[in-house]
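Read from first to last, the chains carry the letters A, B and C; within each, the first residue is number 1.
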């Protein structure tokens, strides 16, 4: 199939129509603007940070007590530079948006430096919490053989690691970048944690596909969550003009020592799962749960149509998917 | 671990057995055939198209009113060539399959050209609809700060963008390629939209993991869908020999202004969600819903076993996952 | 944004703190250890194996009866070498862990060779079973046009292919590597099958996002599963000290000719879905199902609040997500 396809004289016409389309709509173009975070660089930032957080697992696997200080001494400035670039772009982006296309002359260096320094300062603290998350995964999963396996192969651990990094930047009110980091983790794990969510220590998501944790969720220590769980909003508070109020507490609070099993849906900014309660699979909750309670669905009565026929062929097509 | 592993005299025996396995089964080999779409080229086609649809976001981020016509003038022929190649391969593939291995002498150039021209012609229209999708996402998500964030970080937007491209090729009856594009989007977003699905303007999928939209689904304008929603088939109509009839309307119709919340399952070719209705979370529906209705599960009664014991330790392992 | 960011005199301090953090916690570092599987090499092993299992689809697409023996003769030793390296690393890793940091002098060559030879020996058998899986997908999905489409674009087929490879290594008791392979498939398909799961012929997962199949699951022949299905654990048996017992049968058994529809949750090591039964969507099951039975939820009663108002605007924000 080496046939060439040539648009010929249609090309100028098509170009004009496409450019006109760009001019028509500001929402889907980024032209004559200077600042925007770069998806490949955001991925680079995440990957280098993971190398630092979990030495010897990703990237170099030959670290020793002797070479590790040099390794860190080379890796950390790279992470700092990547962070500074993206943060600077995002801050300038926000200013440019606010000042109708006029970017700041001196960049946003001062704020970007402050934020970057705070970020790298916090890496040790993030690492310490992640150690507790690894331990929680090991304790919480009978299939886990050791901690190395958890770091190399557990999507829940990858998701919380990226979250804790993104959350640092969210707290510093960096626009765009935290959500891009969270979406990278979402694409790689199926786990969707908004960077605004506040999550305590020893946090474990097992399996994980389909987990959604909303922006204003608060989660305590020692919480375990299974696949398909939603910690979501019950309603969207609106202002007097009917516009959705951004920033209101819309998502639940989960206290310490709570376990939430697969496919449970917990909704509402006033909903609190109190200490030590257990939420069973497929539960649908829109009000608070008392301390230590075990909440279980009465499984909907099942229709069981039994059959005397031989079951040689698969009974198919008569049913829902 | 630089140890070499050598199969030695076992290699010829193993090769013979594997080749014999290839000869035994036509379903899992592509040998002595000429035409097959190439997954990496399909990805390239998607990525270049996304660059064109959302200028300045992916790839070059330094576009200006001055350079953008040249940028488009260089990008568009590349997209056209990629499309032509893959479409040509897919059409020839279908012919080769039909004529038992004899490929068409002149390729499928004529049809491939027609289809490719139609595809590039439609890119402006696709772009216009996607602008409405971006706006719908901004209006529909309190966590969205601006449209740029939606384009850079919302899996729902990525999925509908790829879908609208794949659907154009599906309508042209190109085999294979539309589904490969949809699966690329599925792998990157967790959202599974069959390229045959017909979807109106202002379509927004929030969160998205686990969404499944079947081939014969029809969706109107201004529809919002949350994670885990299935628009699926109730049964598979069969012909008189018991073979599943391909192409029959199996999936629901969703009219304008409908919202479907997380984990709802809507099934059946005759099922219609009429204008303005709202489908609550975890609802299971196999029959039509009237205009403007709000459908909600009576959440199954919950067993709540309360506890007087201190909730210091997590109550684990006594429950379902 | 070419501004340079320099940590200056903070760098040595930060490095010391990070290295101290590494020294503090053995669970999240891999330093002064020699052996660990390499994620990029595991991906390489998977991709080369897929090329061998499905000739002409991935990688080279120009295979002919004449060149295929040479192609296989070149590809197979590469697969063997990749497998040997990773298996060797994993076996040595386990020994190093057991002997407190002292790696085996002679590597684990002998066992790694035996395991690698068994793995390549089994590739033909894996390929034969995968042919049955492809056929099951074609028979089970009305949207499937042909087998090539299934191989190129069906995540369920990709997931079962990787599973069958990982399972071979799991049976050989190779640590780490099987789970890393399964997680690669999970990240690419949203399907989470523990490498310990035993799965018969003609296995088809349609759509697939959110499927979780636990370590001790047993599945017979001709089983079809839709998206969001969990085959999970009901409880975790504990020993007398309250520690979770690893390895106990915790997950269900699914006999031949069973179909499980979307979002069903089946839990428990004693739960058996007997031959030919059909499990409807959203069902929640913790006890066995008789042969040939059809199990369906009585869909929870729906609240339908009908509306006489025009449905022009979308009714939003008054509801759960």
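As a working rule, a contact is a pair of C-beta atoms (placed from the backbone, for glycine too) under 8 Å apart; a residue touches a chain by one contact, two chains touch by 3 or more.
Just so you know, these numbers come straight off a predicted model, no measurement behind them.
*Asks:* Superposing the C-alpha atoms of subunit A on subunit B takes a rotation of how many degrees, nearest 5?
*Replies:* 120
*Asks:* Since subunit B and subunit C are copies that touch, just let me know if over half of their interface numbering is common to both, same, or not, different.
*Replies:* Different residues, largely: of all residue numbers at this interface, under half are found in both copies.
*Asks:* When the C-alpha atoms of subunit B and subunit C are each averaged to a single point, how far apart are the two points in Å?
*Replies:* 21
*Asks:* Pull out every residue in subunit B that's touching 2 or more other chains.
*Replies:* 190, 209-210, 228, 230, 232-233, 236, 244, 262-263, 265, 267, 281-282, 286, 297, 299-300, 316, 318-321
*Asks:* Using the touch rule from the top, collect the residues of subunit A that touch subunit C in their complex.
*Replies:* Interface residues on subunit A, with respect to subunit C: 35, 52-58, 61, 63-65, 68-69, 72-73, 76-77, 80-81, 83-85, 88-89, 92, 107, 109, 112-113, 116-117, 120-121, 123-124, 127-128, 130-131, 134-135, 138-139, 142-143, 145-149, 151-155, 188-190, 207-210, 227-228, 230, 232-236, 238, 244, 262-263, 265, 267, 281-282, 286, 297, 299-316, 318-321.
*Asks:* Which residues of subunit C touch subunit A in the complex?
*Replies:* Checking each residue of subunit C against subunit A gives 1, 3-7, 10-12, 14-19, 21-22, 24-25, 27-33, 36-39, 93, 97, 140, 175-176, 179-180, 182-183, 186-187, 190, 192, 194, 196, 206, 209-210, 212, 214-215, 222, 224, 226, 228, 230, 232-233, 236, 244-248, 250, 256-259, 261-263, 265, 267, 274-278, 280-286, 289-300, 316-321.
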